[in-house]
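Consider the two complexes below, in which chain A is the common component and chain B and chain C are the respective partners.
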Partner chain A sequence: MTSVIEVKSLTKRYRDTLAVDDISFSIEKDTIYGLLGRNGAGKTTVMSILTAQNFATRGEVRVFGEDPYENAHVLSRMCFVRESQKYPEDATPRHAFRIARLFFPNWDQDFAERLIAEFQLPLKKTIKKLSRGQLSAVGVIIGLAARAEITFFDEPYLGLDAVARQIFYDRLLEDYAEHPRTVILSSHLIDEVANLLERVIVIDHGRIVMDEDTEAVRDRAANIVGDTAAVEAFVAGREVIHRESLGRVSSVTVLGALSAADRAEIADAGLDVTPVSLQQLIVRSTQHSADAGLEEGALR
Partner chain B sequence: MIEEGRPLFVQIAEGVEDSIIDGSLAEQAQAPSTNELAAFYRINPATAAKGIAMLTDKGVLLKRRGIGMFVADGARELLLAERRAAFAERYLDPLLAEARKLGLGPDDLGRLLTERATTDLTEGTPT
Partner chain C sequence: MNRTWNVVRMQLVNKQTYIAVPVIVLAGAFVITLAIYGIIASAGVEGPMYGGGAQAPLWYFAVVGAQALTLTFPFSQAMSVTRRAFYLGTLLTAVMTAAILAVIFVLGGLLEQATGGWGMNGYFFYLPWIWEAGPAGGGLFFFTLALLFFVVGFWGATIFKRWGTAVLTTVILAIALVLVGVLWLIGRLEAWGEVGAWLMTSGAAGLSLWGLVLVAVLAGTSYLTLRRSTP
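Up next is the complex of A and B:
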């Protein structure tokens, strides 16, 4: 595999806030990534720096092996669909698409028109008069029809209803299958996008807490449910990331894939195993790291 | 259609296997492509490709260069043998565990099994 993006020791500081804290990662060619994490975790900052819309405080960023700053050769191969994209005062969607067509060398006008019809987007209204969902549709259409070699979608679905979001996911998958390219999708709706992602990067407090194949993550954790004493006996010595109990019943989330022997032990003890979705795992890992951080802080 | 907690590509492969076992996908017929599977299950094509690769490794599907994937001769027998071998572990062990919890012995189970099987065959209401 060849990587299209290389990030080394990237740090971004805004006055007193450390938005991105010494992170390193790489992005493989023709792969769909999920960039996940809570609000303020640093996702948008990272994407802005990669697309040269923001400056790094420290560290190195290479896109297609080059520095992206003021590098038209690199920038025309990337598309960044921002959650809060600004357009000129009197612009209409038609204007926005015309500019996108000039800027992106792989732009597919037929595809754009099919998407416009599917999202039922009015072309002649000014963009500032569009609804939040229609505004998101403008971004989604540009991101898909641009067919850029690297496309970033930063929370692209705000205001889009479930049907429109499904149109976006379906068209993304279909078009990616025909025209493989690198896609980095930042989203809060983790369970909704989990099956689209080949790899997930989770950012929490400016640091990377997970960078793995989605398939590998799927059996990384399990909930052990049953009588509290029996559950505690089983999880002793394992890495526990979450605990819940109701009366004498406990549900404990443990990390690590379960072996056949583990499963037999669980069955013998009369316990149940329930799967942990990607969303639950991420919520629990980020809570876990926040708790760990607090404890560390308290010790100092 | 897709469950949590089990590798997706395994579930995709099992879906194709089920069609071969029940005959809806005949031997020598063309199997669904990676992209068709990805679109149908709404999953990443790389995951679908992994499921297909699992089936070619097993000898269930054959790749004909430039044309696509086809169901191999003898694929159905191979899958039946594999599923039968896994049957006890997959279905009987959980059944026995639950039966033990409820105090049902092998004789009770035998009786229940015959009862259910005959009800099913006559498609009548349970007695």
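Up next is the complex of A and C:
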């Protein structure tokens, strides 16, 4: 694997808030990444700095091995339409696409037109009069049709209805299969995009709390469901991150991959294993680390 | 260079901003001015009549200059354009449109001279003081003025974008204070006569050259501000 983005000790401080706190990571070529985290976690800031739209306070960013700032050669291979993107005064979607066609060397006009029809996007309305969903569609169409080597999608589903969201996910996967590229999709709704992601980077309070293959994350924990006494017997001594019970039935989420022996034990005890959703796991492990931090703080 | 030229095309994609609206403003001011001249002429006034309506599209240039930055700059960032290419392309657009406007003014002025002020001794484009150095001098004056308006709008918007309203207001007040100080100093030195004489001798063409110096200063400082601006 070759990496297309390398980030070392990146820090971004706005006057009194630390938006990004000394993070390092790399992005591999031709992979779909999820940049996940709560609102205000620092996702958009990170993407802005990677595309040289914003500036790091400290640290180093390399894209295709070079500094992206004022680097036309590097920038022209990236596309980042932000969630709150501004458009020229009185511009219509038609104007925006005509301009995008000028700047993105791999722009596919047929693909753009197909997407416009599927999203039922009005082309002649000015962009400032579009609904939130239509505004998201403009950004999504530019991101997809630009076919940039590194494409960022910033909360692309905002305001889109269920049909439009599915169209986006389907077209993204189809086009990715035909034209592999690096996609970085930011989202605070994790399960919404979980099936697309090959790798997840979770960012919380400006720090990376998880950077793993999606499959590995899914294997990291399991729900053990069944009779409370049997469940408790099985999970004794294991790291439990969540407990739910209803009457005599419990569902307990334990960290750690299950071995063959574990699975045999579960079957013998008449228990069931259900997969943990990516969202549950990330929410619980980030809560977990936040709680741990709290306890640690209380102990000091 | 290709991407810089694409910035020009980006600025001109929406024909309304750079072409339709200025033409409407100019045509509107022109028609209204001529109608007023017509009323005055029909009252038996001989003229010559001069008006200030021709400056209307120039003010619009300041608005375009500001919008080119506040709205089109963030979009250019999403189009992966460097700040340098955006800056050069946008200024090139301004130079081109200011040149077109100057040509319209010169042609209009020549037409007015040929027709004796539309047959009623009323002038919209032609002003004797501006045309002292001939059509080229007049053209240079309007070109500079249009470009200056654009650059002032652009310059103000870069400061606003990077540091916000408070800083922009402070800078404008500081400049106003300096100007008041200069006026006071001229009065104190009893130099108004010399200033007037200097204005007369430099003429419109000479002032245009000073205007271009001011354009260069404002454009240069805008670039330094823009280099570290975020969308």
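Criterion: the second predicted complex is superposed on the first by the 280 of 300 C-alpha atoms of A that agree within 3 Å, B and C clash if a C-alpha of one lies under 4 Å from a C-alpha of the other, contacts with A are read in each partner's own complex, and residues count from 1 in each chain.
One rule holds for everything that comes next: contacts are C-beta pairs under 8 Å (C-beta built on N, C-alpha and C of every residue); 3 or more make two chains touch, one makes a residue touch a chain.
Remember, predicted model here, so these are calculated numbers, not experimental data.
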Quick check for you: in the superposed arrangement, does A:L246 touch first (chain B), second (chain C), both or neither? neither
Looking at A:L197 after the superposition, I want to know if it touches chain B, chain C, both of them or none. Which is it: first, second, both, neither? first
Tell me which partner A:A236 touches in the superposition: chain B (first), chain C (second), both or neither. neither
In the superposed arrangement, which partner chain does A:R82 touch: chain B (first), chain C (second), both, or neither? second
Applying the touch criterion given at the start, work out whether A:V163 contacts chain B, chain C, both or neither, answering first, second, both or neither. neither
Looking at A:A261 after the superposition, I want to know if it touches chain B, chain C, both of them or none. Which is it: first, second, both, neither? neither
Just to be sure I read the superposition right, which of the two partners does A:A177 touch: chain B = first, chain C = second, or both, or neither? first
Provide the residue numbers of chain B that touch chain A in the complex, in ascending order. 2-9, 34-35, 38-39, 41-47, 50, 93-94, 97, 101
Chain C to chain A touching residues, read off their complex: 3, 6, 9-11, 13-14, 16-17, 67, 70-72, 74-75, 77-85, 227-228, 230-231
Which chain A residues qualify as touching chain B in the complex? 31-32, 169-170, 173-174, 176-178, 195-198, 214-215, 218-219, 222, 267, 270, 274-277
Touching residues on chain A, where the partner in the complex is chain C: 48, 51, 53-55, 70-72, 75-82, 85-92, 95-96, 98-100, 102-104, 142, 148
